[in-house]
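The two complexes that follow have chain A in common; it is paired with chain B in the first and with chain C in the second.
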Partner chain A sequence: MSLSATSDIVGTKTRRGLTGLLLVAIPVFLVVWMIIWPIISAIGRTIWLPNDGGTGRSFSLETYKFFFTDQYSLNNLSVTLWTTGICALLLVLICLPIALYLRFAKGRLAAYVQGLAIFPMFVPSIILSYAIIRVLGPNGTVDLLLNSVGLPHIRSPYLTPWGPVIGLVWDNIPLTVLILLSGLGNVSNQSIEAARDVGAGRLAVLWHIILPRISNSILVAVSFTVLGIFSAFTLPYVLGPAAPEMMGPFMQRTFRDLNDPTNAITQAVIAFCFCIVFGLFYVRSVAKNRNP
Partner chain B sequence: MSVLEIRDVTKAFGATKAVDSFSLTVGDGELVCLLGPSGSGKSTLLRMIGGFETPTSGHVAIDGEDVTRVTPEKRPTGMVFQSHALWTHMNVFKNLAFGLKLRRLPEAEIKRRVEAVLELVGLGGFGHRATTQLSGGQQQRVALARSLVLEPKILLLDEPFASLDQHLRERLREEVRDIQQRLKITTLFVTHGQDEALALADRIVVMRDGRTEQAARPDVVYREPATPFVAGFIGTMNLVDGAVANGTFTHSGFTVPLPVGDGAATLAVRPEALEIVSANGGGMAKIHRVTDYGTHAIVDIELPDGTRLKSMTSEARDWSHGQPIDLKPRAFAAYRDNAAIHRSN
Partner chain C sequence: MKRRAFMLSVGGAAAGMVLLPRMAFAETGKIDWYTSSDQNILDFWTNVVKPKFEAANPGVTLNLVDAGDAAGQTAIGERALAAMQTKTDPQADYFESADWRLPAGAADAGLYVNIKEAGLSNYSKINPLAFDGDYSVPYRGSQVLLAYDTTKLDPANAPKSFADLVTWIKANPGQFIYNRPDKGGSGGNFVRRAILEANGKDLGKFKIDNYTQEAGDAALNPAWDILKDLSGSLFDNGAYTSGNTQSIQLLGQSAVTMIPAWSDQAIQAINTGVLPETTGLVQLQDLALPGGFSRSVVLSNGVNKDAALKLADFILTEEVQSAVLSELGGFPGVAWDYVSQDLREKYKDVIPTTIPAFPGGDWEKAINDGWYRNVAPNVDRNA
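Up next is the complex of A and B:
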């Protein structure tokens, strides 16, 4: 091969490399501009606070100190973590049997169940909130039905921490089911039959064969739901108690009602730090799946 | 003594009968190959023996005990699947130990049995390996070992070598045969490869449309096929439809003396039994093509109506394209109404 031919190949490779870089440049730029920069800016604004005299800024962790010493803020963080944890647990407990049924059942009934499980995806949160109030709220459908047969009123979850839990679980069922279903798609029928062949009953197949094979999917589903629920606004705002409140409504109220953007941003940065832990779980899981 | 008895088993999927009134008895230590084309019901039958399908009607008995409705985990069978079906989240040792752990055997006993069976399949020292690190042949050995370690009464193999290359397939089937003979384990082997069936089986059951076409020793199936279907399915066979009149079979100039009653008949001649000789005049047929394989040659013959036949000969150089020839079948069979009416050996 001549020297000029070699340099042609090198040139072609360089041009291809540049084209590749150009193709990813736009999304990378958008991510930097709309995600990375706002994060850096938000963190900067919470640690470089204006001086008392109003001239210049200096480094201070005052807002964080305030958040972690203020009982009300800590209660809000605590109720958010509680709601997120309970929702994640309930979602796995509810969605796993649905996904298992959809994976292994055949026929028309399975198609109807799938349609029903995915349906909440098409219902806006605000409609869902009012539907829950109409059904489970004081004098709602359940109360009316109980009353009609002479039974006492239920203790309504509306405006208690369980209100957002019910709404958020219902709202997140479709995404969780779809992620688990995609994970179950990788468990072949023959690997299950092989387990049954060596003597595994249904429970042993679930525990030893299916769950280990879909552990990544469960992790991804939990990460996704946690990320969504931690920063949820509409459902906790409409269905949750006034105090303590979840971080979403808390941030909104601090920003708008109290007109305190610095503390609102501090709350956002703290929420972000919790979310990033689950984000890292997700990234780790994806990276693990990509490994040959 | 029969280990497996299948009595009048039918499996219907909607209006389609995958297995139709099938009966079979398998003796202790026997290796039976279920052979047939795709859709002949052989895998469905194997799955019914393994308990993965429930017969629509009929009975399956193992060691005299009716297991027709018994679930797979409670049957004394071990199945090796076509796709290996190894559990990729477990290493080789754990794949093999899983069934033993479910049986609550002591750890030391599990270790001993797993290591012994790994040695048996030629994978000694592979226990710690991830299944994804193994080649296709090694994975299939692990799948076989996983079944053998439980010491089943019946070993079921569902086209276990289908995904392997020809060389590996030949090697593994010899190993399976050796292991089967050493352990004297009753085995049912599903395949659509006639070579595999002929090389492995004590008995071949040729299946078609869910029914038995012929169940016999491999040499009998090869030399005395019971039906034209078996004749055409096992090995290469020239099948010629023609008519018999006055003791002579005729098809487009190809005539063979056939001492049966007049009427339609199908003549079956193996290429190695179809001798070709140079014709003095026009001849019965012409040479179409000669393919030299070194050890032998296959001569493609064309009858006047375009029907193609094959003859196996030791010398390729004697024949050339377009050469007029006469045909002399040394051994043949004739069929009428799906049954043999004459055999000439």
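Up next is the complex of A and C:
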């Protein structure tokens, strides 16, 4: 680890320091310009509100007070957190076995499984939404198949909070599997064989050898998917219930249908505050990797 | 490991291609046309209007662009307004359906051609009821009506008044759904019809500039009560689709028996087989569900302004106006005298006796927000 290329470039050696700084200048500038500055401007615009007379602005936390006292907004926030949490949990439960299988299996079947796991990456979410209505919606394919063998109607997840959960989980499988798979690359076959030699069972190998090695990858995968799901738009918009809405559709509706940019930005800042927590998890785990 | 490396590089290349910049310049003889309407309107222009117009006007082509929705098209309008100030090319000539009041100040700045003074040869044929100022060409109308499954509901028993409809919905729980009022006009106008019902069917009560908080609460709260009362009898104990198309899909999948639908969308869905031939259409007789006309505007600073005006004239010809009826299922923008008698007979279902039109502006905002806050959440989904 101490001899990795990155530590050589961003290290303290002054000879290459200037080149290193120049190399990072462009991405840093882009991040400041397109991400940091809009955040600062958004926060500024929501706490310095225009005065009633239309002249000047003064400090006020009114929009935040409104959000946190408005039951409708709070319901939207809590359904967003619920959806994000459930999706993250389901993704780890579904993707970890797939990743483990792909890491250790060989042959054609593994290739097919990988292809299937990566496939959602190439399906646009709007197409996915309508496909889910067709398949899982009322009188959809699943319903017809169940009915044909004499089973009762299912209660369709379409237009309930479970609709977006199913769509988002399916949509995020590729990213999660790929991140977990790269983490599993750190687990050497020798260490597993050594553990087996001293009599460790499958579960013991998973618990004591594999999971400690990939805990970081799990954290990265969870933070990535959480960031994506928290701000998801299309799937909750098409598949979810009218109310409570997830923050993505709620922000869009406040901004455009209600012509209320200030409250929409307030919602965005609040969403950002939740996301930053997971962003920090990710940054911390990357930083931990850099300096062992 | 090779598989993974391959997947990563393919993913990277795909992402790179999406990020490649795209440039476009307006060409003379190619009318840049934008729509904010649904796919059926774009299909109508692609398959009917474009070939007819290009055949009649050699050397002129139509570049049909989907602006997504009203806000997307307004953004193009804002770009054109900015281009007007800098005297550059707006890359836009024609909006299929637009409100000339948007973007704010555009008409005063002269962005849209004054159609009344533009000397269109077919201008005098336009239905006098359809006008909305001098800057736009009303060319098609549409109205929300009820579409239902005749295998489950005998046309003789189809509801003819709003009160009948409410009774029917309550007697047949789970068989009716409408979409969220801000996500499509079919649900939006159903909600507006409920508002009119709660206000003595008095259209005069609602004007574009008479919204106040008090008037809004007084007029809308009784309507929310009507709709809240209905919600438990709707599909899935109070589910609302997120668009006109999804409602039609649910009717097509036989998940519900009745939906409110745009007349043109419903008729086209029946013609293309999206809805079965056993679909019935009915309009309320006490006061119809609201609707309105779609009006095109021509941009005065477009490179192809003259050709675009020719297009505006062309869509008022009997050829296109009859196609609006027969292909689109809408009603014509010209007076009914300019449509052939057999078409009038065949499409008498959609010939409106009244077209209540509800104002937008602050009322629209109040309706959208009020519905979400009052009707949508107060549903016990597990009941």
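FYI, the second predicted complex is superposed on the first by the 268 of 292 C-alpha atoms of A that agree within 3 Å, B and C clash if a C-alpha of one lies under 4 Å from a C-alpha of the other, contacts with A are read in each partner's own complex, and residues count from 1 in each chain.
The rule we apply is simple: a contact is a pair of C-beta atoms (placed from the backbone, for glycine too) under 8 Å apart; a residue touches a chain by one contact, two chains touch by 3 or more.
Keep in mind the model is a prediction, meaning the values are calculated, not measured.
Once chain A of one complex is fitted onto chain A of the other, the partner contacts of A:60 are absent, as it touches neither chain B nor chain C. By the touch criterion defined above, A:262 reaches neither chain B nor chain C.
Contacts of A:253 after superposition: chain C is touched, whereas chain B is not reached. Look at A:182: by the touch rule set out above, it reaches chain C but stays clear of chain B.
Put simply, more of the residues of chain A are touched by C, taking chain B and chain C as the two choices. Of the two partner chains, chain B is the only one touched by A:204; chain C is not. Within the complex, the chain B residues that touch chain A are 50-52, 71-74, 77-79, 81-83, 85-89, 98-99, 102-103, 143, 146-147, 150. The touching residues of chain A, counted against chain C in their complex, run 72, 75, 111, 114, 118, 121-122, 130, 133, 137-140, 155-156, 158-160, 178, 181-182, 185, 237-238, 240-245, 253, 256-259. Residues of chain A that touch chain B in their complex: 188, 190-191, 193-201, 204, 208-209, 212-213. Note for the complex: chain C touches chain A at residues 1, 3-4, 7-8, 11, 14, 71, 180, 182, 235-236, 239-243, 246, 249-250, 253-255, 365, 368-369, 372-373, 376-377, 379, 381.
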